[in-house]
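Multiple structures are listed underneath, in structure tokens.
There are two complexes below, and they share chain A, which is joined by chain B in the first and by chain C in the second.
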Partner chain A sequence: MRVDRALILHLAVIALLFAMQYVMSPYHQGNLARIMVLATYATGYNILFGYTGLLSLGHALFFAAGMYGAGMTMRYWDFPAIAAFPTGIIAATALAFLIGALALRTTGVAFMIVTLMFAQAGFLTLLYFNEYTRGDEGFVLPQADRAIGMIDLSADDTRFIAAWMIFSVGLLIALAIVRSKAGRVLIAIRENEERTRMLGFNPFPYKLGAVVVSGAFAGAAGAAYALLFGSVGASFASIQYSIEPLLFVLLGGAGVVLGPLVGSILIFYLIDYAREITTAYLIVVGVALVLLILFARKGVLGSIRRRTDGWLP
Partner chain B sequence: MDLGPQLMLASLDGAVGAAVLALTALGLSLVFGVMRVVNVAHGEFFMLGAMIAWFVASNIGGHPAIGFVGALIIAPLLVGAIAASADWLILKRLDYEPEATIVATIGLLYILQQGALVTFGPVAQAVEAPFNHRIEIPWFEGSNVGWGLFTTSYKLFVIAAAITILLAVWLLLSRTKMGLVMRATQLDRETAQAFGIPVEKVYALTFGFGAALAALSAVLIVPIQQADYLMGGDPLLLSFIVVIIGGLGSLRGTLIAALLIGMSDGIISVFFTPTLAKIIATLVVAMVLVFRPQGLFGAKAQ
Partner chain C sequence: MTLLSAKNLIKDFGGLRAVNVGAFELPQGEIRAVIGPNGAGKTTFVSLLCGRIAPTQGAIHFEESDITRLPAHDRVALGIAYTFQITSIYPNLTLYDNVMLPAQRRASLNASNDAADRAMVALERVGLSSRAFERAGSQAYGHQRLLEVAMGLALAPKLLILDEPTQGLAEGEIETFKELIRAMAKDATVLLIEHNMNVVMALANRITVLNFGETLAEGTPEEIRANADVQTAYLGG
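Right after this comes the complex of A and B.
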């Protein structure tokens, strides 16, 4: 039997992440939990941007849909955490289907602007219904509610394991998708949409599928963020949260399944470090974007993949 | 106050907003038209113009008019130079590939915004208007004439100045060699190059010019509004809306849309909250792009 190098590598990364909780200080453990949630978001975004070649500037909308889908049902209808989490995912997925169906009528630059505008409208809507959403300052989910059965999701160790589980499942789903036949069609669309059409594939359902899957990932990450870290607010729907997954994916390597994880870790610590030096720490985001797009389009893992005859999916 | 006079005041404020918006959006539209570049950092050039205006005005002593005139000259030149060098250093190297340039200008947005935070600090700053006379406006109600309304001479000056600048830009584009070269580059980059037009220089110039227009409108508005490092968001969003509704790359469409949206923004805000007005506007823009990409008044899509 042929050894499945790619699967072994991904399982090894998952095992390594799990082991990190035993060697890290609580501070870094908390950081890594946050990174894994954001990396889940970016892993889904990678399927759309890295594999399908569609650049969305509005995924914060789906992240926020997951976050509010979980947070609002808990706050107003007393949903238990176990029910609120899938509610968030469903809300984001449905929204992604709707926005995707509309936005995919456009291509290229227009697609970027349409997704940006929809996300901006969503962000403003959260602010407009401030009475219910507490959009401007956000609201905190009470610690007592953030539990599944007896398991308290706000404690350091359980929070880490929950984030790890969500990321692991997301990573394996992403791996399965990009290695499936549908995944190959997505790559074909990225490389040449016309030729893919000529081969007898209708690109639209595949592209819509990519939007919906990435929206579901974003929703899962947003709902997890609300449950694990307790904060819900409109700022998570702002443009900055649409730019972040793009940055993670570009830095780690667009079109490499592990790329977003690498990008999330690097950017998270880069921003964390910059925050200690200056109040203008977001300049890191700007400089990184410009340098990446100028000199390193393939990102870290994309450059490595070129040297390893391309087996890294 | 009654609705009538309130509407009248709103439409006056709307006219001021429309005048400034037209200038800002014209810069964005020009850059998109000539270079096919969607400049997400456009709002930051506006912000830089306002911050530099404050910096210049507060460092030149004497009568506020001296500082204002200084700002009117220095801010657009400086911002234009910054933009032109950003084009030369970044966008040129990307070969103006549409998606890559958007990512690069997003990066530029953060660099300029955070750079302004470091340079000028987080505090919102006010600039004194060069002149600010109170002008009473009569309004009629039945047979009575009321005198409760007033505007300022500076607001009227902003409207007049914006119209003058718009006319100058139009003359520049339609009557000068520089305008001819820009239009030639817009129509067909390769042929222009073959005819010896230094396309790269035209691009840097256009990008700088577009940014300078944003800076200029910021200098005009800053005595009415305050300047701070986060102020770039609104002009960016509004310019985007104007340029898209007016039809991408169509200058005439841009002007009509700026007038329409600037005026209605002032008037709508009498009835709705500004947030609701913005939600409606962004949704309209998204729908226009989805269902009518050539814009509402647009020339044919290219």
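Right after this comes the complex of A and C.
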């Protein structure tokens, strides 16, 4: 049998991430845990944007749905963490199904605007019901609740492993999806939707599937964020959190499974270092994006893939 | 046996009646050419048949069942394949991946597992198998046209609609195409829009002539050649 070098590469990256906890300072370990959660979010977003070619500006809504789905059930109904996490994923997935079914009646720029509007409506709803959501200032999940059995998810080492597990599962699911028959159809829709329809594929269920899967990833990341870092708030439903996965994907390489991870790491540390130098750190991000568009339009891994026969999925 | 038929098929674009075909019947196994001057409504007519656009009025039947309201992708599942007049492939994918999609569709319709074989066979039939893993967008125009046909072939359709397949090809390439279409007609009924009269006369069993969206004449190549109305329409008498 042929050696599956793509799978080996992805497993190696997963192993490398795991090993990082032994060589990193607690500060960087905490950063990497946060990066892996955000990279999970972006990995799902990549299936929609990078592989299916649909640009959503509203995925913060699904991230927040996961976050609030987990946070609210813990806060008001005393859900244990182990039940709150899947509740968050289910909430985000159901919402993605509903909004996807409506928003996919549009295409292109209209799709961007409709998803943005839904997300803004969700953001404002969280603020409107401030009494329950504590949307404006957010609320903190008590450390005692953020545990599965005896495992304390707020401790540095367990938090890292939890983030690593979520990211690893997400990465392997994404790899399986894009290499499946359905993944081939998603790419075909991105490349030429009309042609794909005339080859007998109804694009709608595939596009809806991509919205739902990316929504589920966003929800898993949002719920994990609440459990691992303890904070829940409406700011996570704001436009900034819709743009972030787009930036990660663009910088790392749209349509490359590992792209979002690379993009998340680069942007996270870019902001981190820029903050030490100047308060206007977003200028640095802006310059990085301009450089990207000028010199590596396909992102870091997208540019590398072009030089390696394109075997990287 | 009639494979496909259309009755009182009308398509209006605003005030313009682009297609108005009273009766059209395509028997199984035939190579039928649709010809007509520019703007006669040929592409619009076959687009109605394959479902890319919806008719204003009229009915279309395929193998006895009414497909007038059926979306295009479901018509493909029934066995109607369409190749585009303007080359429509996936330029960023390999030739293999291009034909793999229709092959995968056919395999899933047949509940079989032979998509990869189907894809390679389709590429072999158009003579592109040696280039299977090259990028489609980097191929010469003639090869892209062949790839387009291979994508249709991989669907193993009952009816293959070819919209000006030889457009823009060199003489030698056209000869290859003629052979290819003849070979395909052994397994499928072919509906061919074509401007090149040499190709039409060599291949078609029967010819339908459209003019201003209406059927001007229909008959064997000899009959059409001798038809005075057709000569007038083409020569603008």
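Quick note on the criterion: the second predicted complex is superposed on the first by the 301 of 313 C-alpha atoms of A that agree within 3 Å, B and C clash if a C-alpha of one lies under 4 Å from a C-alpha of the other, contacts with A are read in each partner's own complex, and residues count from 1 in each chain.
Assume a residue touches a chain if its C-beta (ideal position, glycine included) is under 8 Å from a C-beta of that chain, and two chains touch if they have at least 3 such contacts.
The structure presented is a predicted model; accordingly, all values stated were derived computationally and were not measured.
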Open item on the list: Going by the contact rule set out at the top, does A:Val290 touch chain B (first), chain C (second), both, or neither?
Closed with: first
TODO: Identify which of chain B and chain C touches the larger number of residues of chain A.
DONE: B
Open item on the list: Quick check for you: in the superposed arrangement, does A:Glu194 touch first (chain B), second (chain C), both or neither?
Closed with: second
Task: Partner chain in contact with A:Thr279 - chain B first, chain C second, else both or neither - done: first
Open item on the list: Tell me the contact category for A:Val185 with respect to chain B and chain C: first, second, both or neither.
Closed with: second
- [ ] Have a look at where A:Phe160 lands relative to chain B and chain C in the superposition and call it first, second, both or neither.
- [x] neither
TODO: Pick one for A:Leu55: touches chain B only (first), chain C only (second), both, or neither.
DONE: first
- [ ] List the residues of chain A that touch chain B in one complex and chain C in the other.
- [x] none
Task: Complex interface listing, chain B residues touching chain A - done: 38, 90, 93-94, 98-100, 102-104, 106-115, 117-118, 122, 237, 240, 244, 273, 275-276, 278-279, 282-283, 285-287, 289-291, 293
Open item on the list: Give the list of chain A residues in touch with chain C in this complex.
Closed with: 181, 184-185, 187-188, 191-192, 194-202
Task: Complex interface listing, chain C residues touching chain A - done: 50, 52, 71-74, 76-77, 81-82, 84, 88-93, 97, 100-102, 104-105, 108-109, 115, 151, 155
Task: chain B partner contacts - residues on chain A that touch it in the complex - done: 55, 57, 102-103, 105-106, 108-110, 112-114, 117-118, 120-121, 124-125, 127-128, 243, 246, 250, 278-283, 285-290, 293-294, 297
